[in-house]
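Next come two complexes built around chain A: one with chain B, the other with chain C.
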Partner chain A sequence: MAITTERRLARQSKRPGRLPEKPRKSRQKSQYPMWFYIPAAVLFFTLFVVPTIASFYFSLTRWSLFDIEFIGFDNFAQFFREPMLIQGFVNTFIFGFITSGLKVVFGLLLAVLLSSQIMGRTFLRSVVFFPVLVSVVGVGITFRVLMDPFDGLINTALAGIGVDGPGWLTDPSYALLSVAFVEVWRGVGLATLIFIAGIVAIPDEYFEAATTDGASPFQNFWHITLPLVRPAMVTVVILSLIGGLRSFDLIWAMTRGGPGFTSDVIASVIFKQYQAGFYGLSSAGNVVLFVVVTAIIVPIFWFLNRKEADQ
Partner chain B sequence: MKRRTRSILTGTLAIIASVIVFLVPFTFILMTASKTRQESAALQFSWPEQFALFENIVEVIQTRDFMLITAFINSTVLTVASVTLMVLFSAMVGWVLQRRQSRWNPAINLMVLAGLIIPPAVVPTIWVLQGLELFGTLPGLILIEVTFGLSFSVLMFRAFIAAIPRELDEAATIDGAGPIRLFFQVAFPLLRSVIVTVIVVQAVFVFNDFQNPLYFLPGDENATVQLTLYNFQSQFDTQWNLLFTNILLITIPPLVMYIFFQRQIVAGMTSGAVKG
Partner chain C sequence: MNAFKKRSKLMAALVTGAAISLTIAGCSTGGATTDGKVELSLLVDNTDANIATVEALAEAFTAQNPDIEIDVQTRPGGEEGDNLIKTRLATGEMTDLFWYNSGSLMQALNPDQTLLNIADEPFMDTVTSTFIDGVSTPNGVYAVPAGTGMGGGILYNEAIYAELGLEVPVTWDEFMDNNEAISNAGYDAVIQTYTDAWTSQLFVLGDFYNVLAEEPNWADDYTANKVNYADDDVAIRGFERLQEVYEAGYLNEDFASSTLDDGLRMLAQGEGAHYPMLSFAVSTIVELYPDQADDIGFFAQPGDGPSNGLTTWLANGIYAPADTEHPDEVKSFMAFIATVEACDVQSDAVGATGPYFIEGCVLPDDVPNATADLLPYFETEGGTAAALEFLSPVKGPSLPQITVEVGSGIRSAAEGASLYDQDVTKQAQQLGLEGW
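Here is the complex of A and B:
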């Protein structure tokens, strides 16, 4: 789609005289030629647009290494019939919303702390941000050891204060939440930095005026910081939802969807079905993920753009 | 006065808490990587009794015919090639998209956002790559990384180009510069700071990418550094010291990037925070 557009436009710009609706474009050649789009458009079209559109077709087929057969909506029916696939579907929402929510809360708290005048501020910012840059698989393996039910540091420390810690990754009711917790640990640094950028952009005069009028630090936060940091908050929510809903690396490194399939999400289901050779079912998973992500992100995006247009 | 002491106290507590929460896991990696095999098996958070970091490094590098070295070469080629193409292609798109008002702009903007939001369809992408005979090859994976990184880079470039005055373009045009000279000799040097930002941020992303190499570049001889971790896992399951040495080694490149380009990374990742 994009590429034909480019071609047509390229042709148009070469013969501007023949376009009656744009007579004022008398320049022979634009300084900003449309063919600048072509390399990116070719890649984007072949490796992103085509597969995305193809996934809609393949999701309606039974497709293995050897043959491909059209079966209508059977894959989707199966997706919402088999408990392990439904679980992955539900878990995607849980994981996405929990990580996004906690990143907002902790990110904002850390940002307020790290934009105030405290010692070692620069060092602390680096410390909080660094996990963002570390290999996700490395983080996953590290926490798998730290969360070991018997010898892991977390349960050893809890035992020290007399608490009997659960099997964070082996207990079905905790596994997904434990992975979500690690995802928050890993990603909160980015949220913090975005919030800091938002807080720094608030003019100091507001706080000075409010403090002169006798506002407490909490009132400052509630009535000045929180409303004015909204653009940053929207960025954090959107980014962490996009990342959280399609999250795969960390879950795969920590639990591989286990125990059983209690911490599976759509992205890991897609991989498992792919590995098992059910390519049609795997594509159906992709379509489901596509719909889920779009249905959640687009309304938020639209809402944000409308707000911007209002101002 | 009382309130002041209390706020200092909460501040200090918060600092101590965040240092513990964020530094303990890294300390754990470092300590386990320095232990001998028997000691590391206890999984304890303790200072190594016998310092074996260098022996471990040598052993990890030699494992499976120097697989880690191959992986580092693969990852370096992948990162350098894909980031170079990404920067070039997305700067061109961002430049024309920002400068030229055509009726296709809304559609192109929509495509950029779609690329940012929509999760790529895995199996159909493999199908396309197989059709192009690029599946399971490093060039194929490079093109994949370029494609998936375009949207973010275009957004960065477009935002930055908006701040470059058009008068410069006009002056260059009057001096007789064509579109290519205008872009490469006038605009490109002005984009230097955003180019550095895009390079650094995308390089860290591509280097740390696990999912795409897993899908699109299977096979031991093709492993990238993230996959060495995955491939070594079963092998090292009882050798935690080596597994953590491996983690330590593949964390060094992003760490170095961060130390040298901290400002650009932060700028790149937080852009859009204020504007929304």
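Here is the complex of A and C:
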């Protein structure tokens, strides 16, 4: 959303009729006195800068909370030897890309539906958005009950139509996908909201002109809505991919990475190190996670935005 | 304008004062109340039986010492609880007293720096040396025993055994034969409850008597990194047993989605025959299924030798942080726990599920059936061996997840054992042990 705002501002400044801006001096005098910034600076420094630097330092130590010993990069070596790490990475990517992809597809379809002239539009919009407002852990526990292989509502209902449902969360081959499905259900409301904002912003003239030329509704969607909704799509992809890659709470509430290690993601591997009292090691894991997420998101962000600028 | 300014200054002063006094109040946990009484805080995990035990002890103690009151607080159990204890000790926010495991978990608290040393207190004379070994370091002794010792083995349903004419097995082969018969009769032979992942460890941990029977120095060699699970034909048997019962199809069909409470229900109501478990669970059965409690018995985990014995767990301990503000009152509460009277208070409150570690304590005559099965092992010379976690500080944090995987066919016993060996290496390095 920050992206769209920036672009709007950029557009406004190009608008004719406004006073031409003065060429910026290298050191423009600020319109606020220095002390005005101090509260924000103090907060930012103590709550963000200091912990970040501290965690980089602790990642280089063996730290039991009582003793601290500097061990260089041993934690990183240990973390990459972690037997569950490879599976954790694979699961993280599966989870991140599946949830992100499905949120884009379902979010866009729902947005098209909910920005058309259907009955009870406002009500339906609220219904779609509702899961976003509910506590993640609450959602996780609810679905854990629903997905119980024997007494759960889902398998009881499936049994009613003669289908023998699997152990959604207890079968190693389904556990991660089941959680991903719940994550899509929980997060698609936000994606829909962003897409609706994007669709509503498309001027009606395009559709009117296309319809006059005999375009079908599908052609309207494919040649007008889809290209013009791209800024919204970039936002949805970035937000949901970041969320998916570092997601932890829903997985922990539903499977605790189980059965065994089969639905562990990087964040839950890190959390287990923390629980086991390997505080230095888990700091190293967080540094790795930070680097990995940055390494994935920055190129995607750059790529998607560049394409947009080209058009 | 002036008056307003003055007032706002006054307000600021008041607010600052209030904030400072709040901060100070927040720093002291527990403390002396105005009328000369002292209130001690005591942190216990949220298991019903453990809460009932400390509340009974606190009440009996305050009845004798009206000037000292005990405020019982609860915490989550498992790894979350371990973390909470470590954090509170490290930040100096620990309660005056706390309930915690003995053995390797206690060693991970860095006891020499963080806990109150009670090695030289006279009341420690009545605590048995078995328990003291489990709560001491070369530099000190840190706890008095709370609750009773436990055995790790198999809880079984005697009604099913009687119906099918089975006998209590001593060897693993006999155990598997019984499983076959039980399974053919339409019962679940072995109950497993992997949603509470820790319950999956029993076949491995409870097998330790059988390991020591064949290799008496195993624990010391393990601490020194001379032996491990994957390359030791005897030690790996625990993992293999887990795999065998799964592959033979003896488990309840909902093993992956069941909890400890489900398991105890299935056992008590006769849906399943065997449940590998720690004997403390007997008190839950007695409380929830009083009519069926007499049907539930206990035997030690069968091994490959001609005879077997019981792998035992020490009682938990009551500890105090080194920086407690009321060391004298804390010690007088500990002194009370180390008396025969305190044993009786605990027996009355929750029933006895194993032997006490205070000299002179006797069990009441009417112990639950499963507890009665447990006692002969303790009375036999060489009938028990302490679990590995009391003989070695090395215990890997991922064992529950690994045993879940082996026990549900996701990973083989050999792979599980070697994965656990890697897990243990991290813990040993963290503790700074030699040879890792």
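The rule is short, and it goes like this: the second predicted complex is superposed on the first by the 269 of 311 C-alpha atoms of A that agree within 3 Å, B and C clash if a C-alpha of one lies under 4 Å from a C-alpha of the other, contacts with A are read in each partner's own complex, and residues count from 1 in each chain.
Methods note: a residue touches a chain if its C-beta (ideal position, glycine included) is under 8 Å from a C-beta of that chain, and two chains touch if they have at least 3 such contacts.
Every value quoted in this text rests on a predicted model; they were computed, and no experiment measured them.
**Student:** Identify the partner contact of A:Phe79: answer first if only chain B is touched, second if only chain C is, both if each is, neither if none is.
**Tutor:** neither
**Student:** For A:Lys272, select first, second, both or neither according to whether it touches chain B, chain C, the two together, or no partner.
**Tutor:** second
**Student:** May I ask you to decide whether A:Phe89 touches chain B, chain C, both, or neither, giving the answer as first, second, both or neither?
**Tutor:** In the superposition, A:Phe89 touches no partner, neither chain B nor chain C.
**Student:** Between chain B and chain C, point out the one touching more chain A residues.
**Tutor:** Between chain B and chain C, B touches the greater number of residues in chain A.
**Student:** I'd like to know which partner A:Pro149 touches here: chain B for first, chain C for second, both or neither.
**Tutor:** A:Pro149 contacts chain C only, not chain B.
**Student:** Please indicate which partner A:Arg62 is in contact with in the superposed arrangement: first for chain B, second for chain C, both, or neither.
**Tutor:** second
**Student:** Given the touch rule stated above, what does A:Ser283 touch, chain B (first), chain C (second), both, or neither?
**Tutor:** First partner only.
**Student:** Is A:Ile297 touching anything from chain B or chain C once the two structures are fitted on A? First, second, both or neither.
**Tutor:** A:Ile297: touches chain B, not chain C.
**Student:** Thinking of the overlay built on chain A, is A:Pro231 touched by chain B (first), by chain C (second), by both, or by neither?
**Tutor:** It touches chain B, and chain C stays clear.
**Student:** Could you tell me if A:Gly257 is touching chain B, chain C, both of them or neither one (first, second, both, neither)?
**Tutor:** Second partner only.
**Student:** So which bits of chain A does chain B touch that chain C touches too?
**Tutor:** Common interface on chain A, chain B vs chain C: 148, 274.
**Student:** Under the touch definition given earlier, write down the residues of chain A that touch chain C in their complex.
**Tutor:** So the residues of chain A touching chain C come out as 62, 64-67, 69, 78, 81, 83, 148-150, 167, 169-172, 256-262, 272, 274-278, 281.
**Student:** Please name which positions on chain A make contact with chain B in the complex.
**Tutor:** My answer: residues 2, 5, 9, 29-34, 36-37, 39-40, 43-44, 46-52, 54-55, 58, 63, 110, 113, 116, 118-120, 124, 126-139, 141-143, 145-146, 148, 151-153, 156, 185, 190, 193-198, 201, 217, 231-232, 234-235, 242, 245-246, 248-249, 252-253, 267, 270-271, 274, 279, 282-283, 286-287, 289-290, 293-294, 297-298, 301, 304, 307-308.
**Student:** Quick one: in the complex, what on chain B touches chain A?
**Tutor:** 7, 11, 14-15, 18-19, 21-26, 28-29, 32, 42-45, 88-90, 92-93, 95-97, 99-100, 102, 104, 107-108, 111, 113, 115-125, 127-129, 132, 143-144, 146-148, 150, 154, 169, 173, 178-179, 182-183, 204, 208, 210-211, 214-215, 225-226, 229-230, 233, 240, 243-244, 247, 250-251, 254-255, 257-258, 262, 265-266, 269-270, 272-276
**Student:** List the residues on chain C that touch chain A in their complex, please.
**Tutor:** The contact residues of chain C facing chain A are 79-80, 82-83, 86-87, 89-90, 108, 110, 113-114, 194, 197, 253-254, 256-257, 397-398, 401-402, 404-405, 408, 410-411, 419, 422, 426-427, 429-430, 432.
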